[in-house]
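Two complexes are shown next, each including chain A; its partner changes from chain B in the first to chain C in the second.
Up next is the complex of A and B:
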């Protein structure tokens, strides 16, 4: 059914990337931002359902009451509607953290109720630092922690893809932090996997150094990524930074997703990562959800950023 | 110019991808296999099982700390910074932090001796320092925010 998709090998990909000077391209088309790793245009030739397709939503900050967004519950509901009207049922939806703004029981209850409206077989979450304001994540885990390990991490397999959901929002000193127990989990979790298994990693805080001065990085991520170095396809999706951003380092591509609540400044733009208040008409352009699909035989995942506009 | 050439390629890909996504196929959805335990992490969406029962919500936790102390020394939280970053007080003083940011903040001692709840806009937290010493703290939500209270006899 799929006519043996042509896959670019690593050397070709590297050469190709060097030719264009950047491995990741972005384009705005009809309100959508499409990003892809250079050399994956062949994905478009493959007909039919992708092997795996899911949606990412992030940073709903339920309970936020500032002027940057006067109704975060409403914009999160719009994001849910956006996912429910993609024209297909995503195989799962991942919320990459900061579900709540202040980790109160009411806020956890509200965000969970809202997410029951997602039309998908599975909803997964990872916590953000706003979900563990004063209790090291206990309330988060009491609501979303069933079946997870340690402080809330877990992994699963779907459609031949291995998915790892990490918690890097506890015991923070300046940057995100995984800790020895979780690093050990990652090492053992992937030990038996063949190196051609596509790997997807979810975390709230970026696993790459997006802007360490604002805490936008993870101090022990290099150790975790070292366990993933032998895999041909590794994709890391995160939230936290409230803006779309991507970076490729070796075999790993990182994608920061946007928020459904309020934008944050671009790295280093201003003194601190404070909520940015946009003119009302522009807010929904800064908010959005992300579609992700994987097609067997393609190393790179295809991403589509969709605004709430 | 290579950049322009790439732009054209990307737009073409985008159009093709958009076309793909609008024609869903009727192949079955893949199933999930969990490696991390007997219980399934996450929660079912609407097309899964019936909605899960709501959590038993207890009394909402206050996002605000104790009211501002009558007397004592003050630290303001502005633009994601503690002002002053270093405050010197006498032993027995009560220090009150007030958050002027829309972002919530906490005050968490590096030695674990005090940890405020989350303070929303205009939220306050007070802590009394009975003994002399140097107390470093961070905001546990934004740990790049550092402050120090120096307590003298």
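Up next is the complex of A and C:
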């Protein structure tokens, strides 16, 4: 080794070690400073049991019979088992639409029956466009519409969090649409809330422009979101796109959830969002549920994606 | 060390810091809550800023290698997040704007400037005449 052309002497070794140590030290200090600015130091102090824990399941498409998933009922049952085995009882479960594939009475009966297996005090739903294919959502509302307003929208408060369920799948043209009545509902619904109230909004179609060419957006969402700009924490959860996706715009964070039925292509992959057929062994990796938790004192919610594998 | 080399070194530090600041901003403004991606943004930001500071004050050449690998890795991660996804995280196009573009340009410049700096360093070492000339003018660096 002493004959090697680039042998490092002791002084050089000490010098390089000093530079390396400085790099590590500065990186650690920098990370600490950034974490502190981001408020994670405060978050660490309030760790413990979250104030609110719930699960999101989406796009079960009960009644679908394509080769992308020959047994969507079985996949949905597995998703329910996954939620029932999280190790705790979620405060509630939300289904962000497309409960059925063709909105037939049998399919609504089947999905309702399956969801009775969820071990949680409350199940909340919003319709997808597949749940209102021929009747503007009447059959959906007859099964899941109890206690809702207008065409199925509603809100509730739980553990200091205000939750708003929006319907953007009726009056569809290309993009999702909320409509004047629902926008008016949102404006009045949040008018009296203090600005530090955490807000959770869930809908079927994304409230952000995820890929408008495929209809993955809501044409009048900007107005609804304008009513929520003053709140320090707004989290929007949606289904429809059959894949995990997230985006932050100012105080609003959007999270698209995956499906329990079949995957769709990534935005722009191919001419249209047609079901993707995966090898059987890979299908369950693409399907899943989402855990969401909120801890008082933290601005943002924590999410965990769980596959059905 | 000649003037061009100093300018290149400052350029590397500035572009690296720009990428780090951009990642730190996104981390503070929401990305901290995205599983795995949040941690990756924090590490990218803190290591970028640390390397930028040390390169600026004249550290050894391996810092430039580390900077190039960090910037290159960030570019790969950016590409994955726009295509097949990264740890279940994907984004579309140039969102979040303008940070996606800022980071991308800064990282491309970092890689390019590091390549210039390191290639030039090798050329000087492999050319006895240039090396002697730098020694005689007191511009040769150690380490």
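Methods note: the second predicted complex is superposed on the first by the 262 of 309 C-alpha atoms of A that agree within 3 Å, B and C clash if a C-alpha of one lies under 4 Å from a C-alpha of the other, contacts with A are read in each partner's own complex, and residues count from 1 in each chain.
Rule of thumb we're sticking to: a contact is a pair of C-beta atoms (placed from the backbone, for glycine too) under 8 Å apart; a residue touches a chain by one contact, two chains touch by 3 or more.
Only a predicted model underlies this, so the values are computations on that prediction, with no experimental measurement involved.
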Please work out whether A:146 is in contact with chain B alone, chain C alone, both, or neither, and reply first, second, both or neither. first
First (chain B), second (chain C), both or neither touched by A:173: first
First (chain B), second (chain C), both or neither: which does A:155 touch? first
Is A:294 touching anything from chain B or chain C once the two structures are fitted on A? First, second, both or neither. neither
Chain B versus chain C as contact partner of A:76, first or second or both or neither: neither
Does the superposition put A:304 against chain B (first), chain C (second), both, or neither? both
Just to be sure I read the superposition right, which of the two partners does A:246 touch: chain B = first, chain C = second, or both, or neither? second
Counting residues of chain A touched by each of chain B and chain C, the higher count belongs to B
Touched partner set for A:227, first chain B, second chain C, both or neither: neither
On chain A, the footprints of chain B and chain C overlap at residues 19, 25-27, 29-30, 34, 38, 40, 302, 304
Chain C partner contacts - residues on chain A that touch it in the complex: 12, 15-16, 19, 22-31, 34-35, 37-38, 40, 210-211, 243-249, 253, 266-268, 300-305
Considering the complex alone, what residue numbers of chain C touch chain A? 20, 24, 26-35, 42-43, 45-47, 49-51, 53-54, 59-60, 62-63, 66, 83-85, 88-92, 95-96, 142-143
Partner chain A, residues of chain B touching it in the complex: 2-3, 6-7, 9-18, 20-22, 24-25, 27, 29-48, 51-52, 54-55, 57-61, 63, 79-81, 101-104, 106, 115-118, 120-121, 138, 140-144
So in the complex, which bits of chain A are touching chain B? 19-21, 25-27, 29-30, 32, 34, 36, 38, 40-41, 43-44, 47-49, 51-52, 63-68, 86-89, 91-93, 101-106, 108-109, 112-113, 115-125, 129-130, 133-134, 142-149, 153-159, 165, 172-175, 189, 213-215, 271-275, 291, 293, 302, 304
